[in-house]
């Protein structure tokens, strides 16, 4: 029998090469035509502590973790308890470990999983230049049915820089592991597959967000590193440069957000990326972007909060601050990618919207999206490329904040004669001069509101799928397990609608009502403790009479199985 | 300036707007405004290629009184805004402006890091040793015994901030001090600052007649520095650390490395994204 | 006929002494037994521009402006148009001006108001040491019926420092003005009154907030000035010192908020005050106070937003950021005074709550409360004095974040042997050590939530007044005009309930439902553009079937008359 | 220490907790931890009267590894937290700690103003010229040509921040440099800093073995400063501006005015509020 999808966890001390093995397995799987997903977890040690790579592979697209684990490959038992909650061990799980690893920890044995010990360390010694992670990769390659060519290609390209000898050692290690697994009973082999000529990409959500910015037209970025957003910036630094843009490492987030306002004022689409604590520091200046109508994009990769919280784990708890963290009445854009590949689309679209509507856009990604790698189809090119409404040289009587029907006032870019104006965070008259008059205030407030609410966001505001009287409403990274839960429910003959909101601000009240037509029950799914999304829905939308909430804070991700349970128990 | 008539040398008034300043009659900032516009005229940058960027404060109101592009941003952040603008639009003549509170209190970190980064722009600080806009509290440059603020009724009791010494230690490339009572001299300092590559600090003693009326005495206290501008960091350090705050002129002129990204396209987006292909 | 309440505006160039005249009129009125209120307005000039003092006086308590003006006293016509929207001129208004002031501006003449010119400047010249504002005060004193002793007392005390000559000059000026008014027809005289032995206070909302902090036990304040909150800090600086506390002027708001966290960690109740832009900068550290469970109080005096906005004008648009501006799930306290004297109660109560519940409290005052002066009865002393749950020396196995039933974990104050612990913004186990475990996260999230939601806030959570099927729901400074509108409606025989919420977070869902018993219609009043309070109510409370919203952004204050209109047109 | 038995001189280990550091094996911060606890022992402050305050970073994890009171706050704000604590509880021995990123990048403004304010406390900075915690980006003290960070693939191209020169210009009262490879010498510097009134900066070169392996060479580069600690600002300025960063020891000892509010009650609350009576 070949599996539809398999989940594998690889754990061990940081030095054991857990992540490398996981990554190579994913990449080789991709060469074999399989889709896949890999997430990481590690202990508090900065280096050398316990680490885990969680993989899922399948002949069809994969966007979230499963709720069962097929194989746990433990290179050693180092603090494996730390990952207990993330492992989903059961009696079907095959646990592989070294024959000399010592007593099987209680979390493993008590799960009823089948433990198979292999002479890994012994084998390492037998293979010249052998490393335990290559042996492990060999074992796994055999069990999942990786074609040899795929593995060879991945090993060769990963170790190209280290030279032919390293490549040969690794291949030998792989082979040794492959042979070790010969007698291990396991039905995890995936059905053979091909890429059907569609180009496959290997990309993380953070890289995808960076690329989305770049493709949307961003050419200036100011950066201050913070977990789990740093990779957005680290991907952009060398790549922006190639397309004629630049990245400045700033002294802090107060500087990075204001630097991008400066860049954007100069006509260059600009963005930054951060996480909760950094976003909080950016809120004052975000208001300046809104009031001065200077487009900017901030990708906020959420982590566990509050305060420093749990920097390496995911949560959806920055929804409130993204929506409401600006002082004063400050309408802006809040979007959220709902899958790893969607980090590209949503970021690119957000750049387009910010530029088109001359406002601040916050893209709410999260650690689960940002730091996971996915193997997916190459995304299609989009038409969303920054295009600001600007004035030509020498317009007469130019007024920067002129009151227009659309609410968007044409902008003058420095260098344009006749367009000279002073952008201001003080309330102002249409001619940009400070004003505290009630008429000017209301006129500009109306204008800044109108440009956002009247704009037609098309059907990108949400992913709406399926039919049925029950709707599951969600956003962001909980969308993938919701989707999978609904697929499983549909496989059981149920009919369920999914609404995953990509545009969280401005509110799409009418479209939401339309999407809910015929729905009598709504199940709301979110990963927060204080029910932020649920309260947001209550505040701004009409919900059906029956509403049920299933929420949980991080760090444990939502799983399809538990969502399916919620659906089934409510039907 | 695409017109076909002969190009006339720009005048200071071309860089002034017709908008009436909110400043108190007699405020030193009026003449700083003149100096800034004179400096633009001297350099001759077409006004659409000039930008004046500020934070919040009386002094930070200056952009609207010029006729060039400008940004009246948030308190303390003139320098990062100017940095983002200049780095992405290197051809513009970018002048950041503001007060001692804006620049050295809430904006102090950006000040240090702008000095270090050494982007080619000018920073004009109108120093009146007080927060004028919020009605008279001590600023970092206020003397420790000034006890006229309700917030510090016995004076701050702390050593005044030394902007020029800090600028030097942090890495600024051009350091000068002017006095608003000498608008021509100050205009020249600003123009020299514009010509000098890298980050140039021009501190201008600019009295607050409302909350620091005693600053009218500054007129009799300022004097042109006796020694020429130096490029020796050690000498400049000694000089600035022992300076009484009333020597005017260019006090340091360096040749530190200027931050200037290339902004040249070498690949298409398609080439860049090809690296994700497996 | 004598009036129940009179409203007077005094306008003129900044140098004319408009504010001094207004202040002395209010104080002399107080001596005469009248209550009163004074608000200020001025043009953009830092000094010497146009200025206006708006006064309202009455034999009974006054907490907001009226919607008609009895007397406009214009020392000159300098930019009087600027105040047009705030003047409420009508044909009953008496406009007093100087005979030489030139043409009456159109905003005045078109209102139909009765204009009476007096030879003010001429009189100034005739009185030795005469100043126009004292002449004006004399005119007004006559018209409202100020007893001479009251005026004498106020002049003497106001000018004590300047010496007897100055006092005599002023008295002479007053007398000259008084005589000038002899023939002016006016029915604004207030009925005579006395203080009935109750001590009267003259206090602004900002001073009241400062005093509330002090009385609540605050002994450490860190300050960064910002309009319109500076007076809270300026009042505290010299007064804290007297009671053995101290105030540090910080380099910025990032420092001031963190300094008070440090002060509080050391066991000293600590607070700061700011306004929108400063609050935005404080949000990151506010999360630290929440996560580390360190009590702090931030008085936020709201002004027009977004960004720098309209610094000198009032608005209620920082509600969103106060409730939701923290990243992560960060439950905290948000309170709002609903009158000038209530700035004392609410701030003092908030200090008590923050200390009792070991969390951050934001007190949402606004410019209209903070910068207005009121004459009111001396407030009663309150039992709300900071009292933290602390551990004694040498407790065994102390755990700082122990999971208790109340959710409040006893705190150790530095200096207590055996209590040593490290406060942390990282998620932690009960023993205060960092933890990213799901159990610890949920346990601490539950605890931080529970301590706030289970606490009994008594009936201070809202002011609930009156009976009826219609309720007017509001908060903060719009309460006073709502109260007055309801009084007027009741005078017309209507029955209306008022709910003014003092505690905005945590939500008091049950108490709110209780307060709404029997109510079928709710009119929501707020001073924002984006309907922040309305959406907050929708998100967290059950509202009656019929709900109507009356909202408007700043800068114009809500007036009783327009609220009454809303009530009447909906009955 | 209310027990009745004889008071024993405290040992460094009394100030250490049993909590295992998250640091990488070989990280310089281990020995800084030893130095801090040794300094506490030398001063002998009872541990309940000691507080270690930090921001965020590998180095900022230090409070939990001591057994005294502590606060692991937010990134960049160790100094204002320590300031609030010390000003309101002057009897405590307050040590602020952290890294070069925490202290000089995001925390740079507080650093300058803490130097100026000169509150009596010690600031220990573990300088590894990198952001360790976020996996290796350039910090303000990083050399301009260090190109191992993905964020600055050609190096930062900007002059490194000179913490000691800035501290001097800003007003710190005691300035020293130590090396984590010399834990006893460093302990002595920290103890001397605790004894000296006012704001004392102790920069400790503390290698990051993970992201800056080349810093193991520091061992051969550091040397005790040849000249004695000076109290002359001009001399100290010249010295620090020309210093190569590897001279260890006390480099400046001043006698600037220390910020120390009185905290004495002179009136009751009732007396204070009486001023509102009309």
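A, B, C and D label the chains in the order they appear, each numbered from 1.
Note that a residue touches a chain if its C-beta (ideal position, glycine included) is under 8 Å from a C-beta of that chain, and two chains touch if they have at least 3 such contacts.
Predicted model, so just to flag it, every value in this text is computed and none were measured.
Contact tally for A-B versus B-C: the pair with more C-beta pairs in contact is A-B. Residue-number overlap of contact pairs with C-D passes half for only one option from A-D, B-C or A-B: A-B. Chain A and chain B have centres, each the mean of its CA atoms, that are 42 Å apart.
Annotation: 32 Å between the Cα-based centres of chain B and chain D. Between chain B and chain C the centroid-to-centroid distance comes to 38 Å (mean Cα coordinates, whole Å). A straight line joining the Cα centres of chain A and chain C is 44 Å long.
Across the assembly, chain C contributes 44, 241, 251-252, 254, 277, 284, 287-288, 292, 307-308, 424-426, 434 as residues in contact with two or more other chains.
Shown for chain B are the residues that touch two or more other chains, namely 72, 74, 76, 105-106, 108-109, 112-113, 117, 140. Put simply, chain A touches chain C in their complex at residues 44, 82, 85, 254, 276-277, 279-281, 283-284, 287-288, 290-292, 304-313, 315, 317-318, 320-321, 323-331, 424-427, 434, 436-438, 441-442, 445-446, 449, 528-530, 532, 535-536, 538-540, 552-556.
Only residues 44-49, 223-227, 230, 233-235, 237-238, 241, 247, 249, 251-253, 277, 307-308 of chain C touch chain B when the two sit together in their complex.
Contact residues of chain D toward chain C in the complex are 1-2, 19, 46-49, 51-53, 63-64, 67-74, 76-77, 80-89, 91-92, 109-110, 112-113, 117, 261-269, 271-273, 276-278.
Against chain B, in their complex, chain D makes its touches with residues 105-109, 112-113, 116-118, 140, 144, 157-159, 161-162, 165-166, 168-171, 233-234, 237-238, 241-242, 256-257, 259.
Of all residues in chain B, only 22-25, 27, 56, 58, 72, 74-76, 105-106, 108, 131-135, 137-138, 140, 150-153, 156, 210 touch chain C in the complex they form.
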